[in-house]
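We call the chains A, B, C and D, going by the order they appear; numbering starts again at 1 in every chain.
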Amino acid sequence: MSIKVGVVGAAGFAGIEVVRCVLGHPEFELIAATSNELAGKRISDLYPNFLGCTELEFSSHEDAPLHSCDVVFLAVPHTAAIAQAPALIDAGVSVVDLSADFRLKDPAVYEEWYQVKHTATDLLASCAFGLPELFRDDLEALAQRRSAGEAVLVGCAGCYPTATSLAAAPAIRAGLAGNGPIVADAVSGVSGAGKKATERTHFCFADENLEAYGVANHRHTPEIEQILGIEGRLVFTPHLAPLDRGLLSTVTIPLGDVEVTQEKLDALYQEFYANDAFVCVLTGGRQPKTASVAGTNRAHVAAVYNAHANVIVATGAIDNVGKGAAGQAVQCANIICGLPETTGLLSIAIPA
Amino acid sequence: MSIKVGVVGAAGFAGIEVVRCVLGHPEFELIAATSNELAGKRISDLYPNFLGCTELEFSSHEDAPLHSCDVVFLAVPHTAAIAQAPALIDAGVSVVDLSADFRLKDPAVYEEWYQVKHTATDLLASCAFGLPELFRDDLEALAQRRSAGEAVLVGCAGCYPTATSLAAAPAIRAGLAGNGPIVADAVSGVSGAGKKATERTHFCFADENLEAYGVANHRHTPEIEQILGIEGRLVFTPHLAPLDRGLLSTVTIPLGDVEVTQEKLDALYQEFYANDAFVCVLTGGRQPKTASVAGTNRAHVAAVYNAHANVIVATGAIDNVGKGAAGQAVQCANIICGLPETTGLLSIAIPA
Amino acid sequence: MSIKVGVVGAAGFAGIEVVRCVLGHPEFELIAATSNELAGKRISDLYPNFLGCTELEFSSHEDAPLHSCDVVFLAVPHTAAIAQAPALIDAGVSVVDLSADFRLKDPAVYEEWYQVKHTATDLLASCAFGLPELFRDDLEALAQRRSAGEAVLVGCAGCYPTATSLAAAPAIRAGLAGNGPIVADAVSGVSGAGKKATERTHFCFADENLEAYGVANHRHTPEIEQILGIEGRLVFTPHLAPLDRGLLSTVTIPLGDVEVTQEKLDALYQEFYANDAFVCVLTGGRQPKTASVAGTNRAHVAAVYNAHANVIVATGAIDNVGKGAAGQAVQCANIICGLPETTGLLSIAIPA
Amino acid sequence: MSIKVGVVGAAGFAGIEVVRCVLGHPEFELIAATSNELAGKRISDLYPNFLGCTELEFSSHEDAPLHSCDVVFLAVPHTAAIAQAPALIDAGVSVVDLSADFRLKDPAVYEEWYQVKHTATDLLASCAFGLPELFRDDLEALAQRRSAGEAVLVGCAGCYPTATSLAAAPAIRAGLAGNGPIVADAVSGVSGAGKKATERTHFCFADENLEAYGVANHRHTPEIEQILGIEGRLVFTPHLAPLDRGLLSTVTIPLGDVEVTQEKLDALYQEFYANDAFVCVLTGGRQPKTASVAGTNRAHVAAVYNAHANVIVATGAIDNVGKGAAGQAVQCANIICGLPETTGLLSIAIPA
């Protein structure tokens, strides 16, 4: 069995990482990687890491044999997925979307934060949210529908929402949170700013620098709130730090009228992720390090009871392009294709 | 006029930066730089940036002519300053201490967080806290006492407390904070972990990595609470990122029953720091960048009104070894010596 | 079939990368990873990238079941391999040595450069040099002997010799080099300096810094000369640059009385490596980038005809810990075990 | 006395560093900083390191009061200096040009390497080469002419030529070089690639990467050959490494029929630079580190006798934007203005 796969927007950081995952995947066959800008060029001309690994060329969106695919990954900006997903679904091609277009369940919220009307609300209603550790049932329901012949759609979680939610979900779902703001300060590597060459992504400006951005208005805010069910309570502040790939989210959760100990907290987290191959819970004072998961689909999380101020400080480390984008998309694709969730995704990060 | 200066613990990162500041200072003359480990070696043998700038050798603490100094900087671990400051003061030498020994006004708090008894409580009572922008009057009072012939002591603020307090103080002092935890997530360059070669400071472990540390128990917690008057309310979580020098603190302050607008907030901050040469307030959506202050004694701060969750997100960027340690110590020394506060400290960061 | 494998010196950078390669290898089973210092600790306690991947603990050299292994990798300092290899061979265990002990064919050269007597000269005579692209026949001869029941020994090439020789060998073996010095200036990431925490490997000293080291006396000099057959003619100058893993060697080869064109040179190189899965030749002005091979066993090489000074400038990029150490060791192990050379080694670098 | 200064092309990396040098210079007054693209914006809006240091805005080239300047720095691409210098000189304004336009004495060589005709050959004949340590007399002759009322022109050395020549000149000028190619392999930080946001300068492509570029055809080749008088013998290969500012050149010089010892070599170098405040010679096995001179106008050099291959390996470290561009330009301006050469340029690098 070989599942035919296409990647739309393959030249960007998320798209090209999907390409890398697919090339190393034993059940997926890459038959199209699109980039209008680079159509006709070999992938390995732009990304020489693929030299000797594939001879495939980028094709234009128009010319790519996307309708011959079993699954297409959309690694495109928001609105572009709304424009492209319906036709693919109609053609019987299942879609795993890495953009923001199918993440927010309420079109009004989408329209508020993205300042554009959602024109594929039917698909929005029928798609599943692509964060398997927290919404696996929904994805497995898609697998059922797909095996029954239906083309299905996954709207994958964003990078910050993935790290933040994996860190906070066990505590939040256990009802430990009291009133007041929940604060997520997250730090990302520069790949999070995308492949476009700008002043922000210029080495000499990003190197040896730390800065916050998108303060008070980053679009991942409503997505995290939706995942965790904490609407209107999240203070989300993203930052850039001088590394390529890696994302650490530190979430401070005020405690309600509950009795917490570090031991209970550790047990809660370990139980929560007991069946998740990609999430490791660190205990005993150990803290997640992004380097330990760089280049992989893994996540490391920890939760510390801060008795001084009666809060939980939960931390989550991922590779923003891996578990935060491409790896997670492939994980979702595995699920909807009925494959073991970990297929092709068990590489180990470089020791550090 | 030339003020004779000594640096104790000159081989560490803070101490050697004091040496650099003093060598570039028009009124200070460096007559001693101590390091028991490196005594007899030229400073420029260990730190070749000083080649051609000074022929001075490190001396042992014992042999250094510290009692001939007008001012001695102590760049030593905590407890070592308690051990050394009294004799210097008794000998008529004013002391600017960069350690934690004279920061916490209440010896009981010191003993709780540092797990050691404070044995110089008299000095603790008479010293001033070295964060001029927030406690300038106290430092100027020392200048009066010193010009009257008294040897005086400054206990300089720590790096995280400096950035965090400069970011939060205008809002806190204006009474904007409501109830609930105040969350400071701060990120430091690796120089903050000190000069000792350890696994944490090894390039291959620190590079391309983000991690939190000292979660729920970092000793800067009570210091920040004392500065801001928010005892028991601070959640302080420090992080390491892969850069040499730079520290960014992001402080989330829940709002009380006050009406805030971005315009008022900007005006409040600009007025607060109107007379501070080293602090710039960024407005109009601009965020502080650590690269813009690296190698200097400057601080950049901004405050954003986050209406979504009704909080203020205040950010402060400094060089942890500059304004967070050595630069600030020299600034304090300038004040107690009756010099213009900016003397020798107006260098501009490398453009970035 | 499962081949039992042990790693001696598993806590160092090369050893732990062998562990990573072996854990991802479909035919190898890791049964021992030794570190006297860390015996009894889980590998994932020291290297959290292995969390969820292995529960194995480090064992002491003494307690490890090395004699039950089919192949043991020695990732130890020089002299330690001389001390340990003979007993393993005697016990019927084949050895892949990553140290310098079995690289130099002439014990006198070893003794001159390493300043210690070689006490296993019999093994030295019977072992093969571990750089498959240039000495594959010798390694396949070992495979024959091993399949006949003999325990065999491979002395793997060093990191600088690997990159330098892969870059220069096609030109040198084709007889293009004229008289005069052959100059190899090579730059390595900091992992090349080893896991020991020193001033050289401290982030704050290595970051944002370039420097040469080992000028005129680096021990890889005679090894490169032996590989290329250029005894007494090599000027080898290694440098450190601020990255974790990656090594680029730039080799300037004076031309003899031969007619060279860029086209001929490209053809020569492409033909030379036509059957080598791990070596890609870049042409058309493209230059090897270490990022394109980081974390892998791949090498990228290019050769440019510099008509201005009548020389060839050949460049080779590898991951110093991958193709320069652990990956190459596993590649050699594959060969002596009769496996396809690429087994377990075909991962693709992160796109960059 | 205040010398009025303008900077043309002030928004680029070299130009903005000239601005920084001028703002910290006790005798220079910055009256114009031009950038057509950014005209009307505050310098500190683009480069926040200047916040609180200057309120100056960029002006367009056309509107800038350049003719009111005593000295104008041209930090422009090649050909632009040829276009602009003559009018300034005619207006009585002395010019310090950082571009390549006035470096090569022979217009034919310029035209060969830059593929454009030189249209200001009169100025080329009368200007001086801006590398004071090697051509101080020529610059002092300009000072004489300028003090006699003439407007004069300096064509400053490039970054690679500066580091390479400072490293090699003492040996070359002493006649130690024998026949055969002289090989300069140099490594630069990414600022050397300029401020333009491109794929090469994108953090995610430059980070954790080493690569050669401009192999066999870099335009600094003839400039270095001219400085050292080694026409047709230089193999110059530049490389990029992941740091912001810093440049290390390693020059391998084959020895002629001369007797060299390390002691003689050290003495030769120390004597050569005995009167140069900005150049330090490292001996005793110490090697130059770029971090030791970053942000300054200093250079560190060393020369090692490699007896194995009978060559000298000379190394030179500079800040490519400092001594390699802006600092050197200000040093030249000091000389032609009759000021002490070190005025405003004695800052010390951050300890490392």
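Quick note on the criterion: a contact is a pair of C-beta atoms (placed from the backbone, for glycine too) under 8 Å apart; a residue touches a chain by one contact, two chains touch by 3 or more.
Nothing here was measured: the structure is a model prediction, and the numbers come from that model.
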Query raised in the report: In how few steps can one go from chain B to chain D if every step must land on a touching chain?
Result: 1
Report summary line: Chain centres computed over CA atoms; the one at greatest distance from chain B is chain C
Report task. Determine the centre-to-centre distance between chain C and chain D, using the mean Cα coordinates as centres, and give it in whole Å. Result -> 39
Query raised in the report: Approximately how many whole Å separate the CA-defined centres of chain A and chain C?
Result: 36
Query raised in the report: Approximately how many whole Å separate the CA-defined centres of chain A and chain D?
Result: 46
Query raised in the report: Counting only residues that touch at least 2 other chains, which ones in chain A make the list?
Result: 13, 204, 207-208, 242-245, 289, 291, 294, 352
**Report entry** chain C-facing residues of chain D, complex
**Finding:** 179-181, 183, 185, 187, 189, 204-205, 207-213, 215-216, 221, 232-235, 237, 239, 241-248, 250, 252, 254, 287-291, 294, 304-311, 313, 315, 317, 352
Report summary line: The residues of chain D that touch chain A in their complex are 13, 190-191, 195, 197-199, 201-204, 206-208, 242-245
Report task. Can you check the complex and tell me which residues of chain A touch chain C? Result -> 13, 16-17, 19-20, 23-24, 47-53, 207-208, 244-245, 277-278, 280, 282, 286, 289, 291-295, 298, 300, 346-352
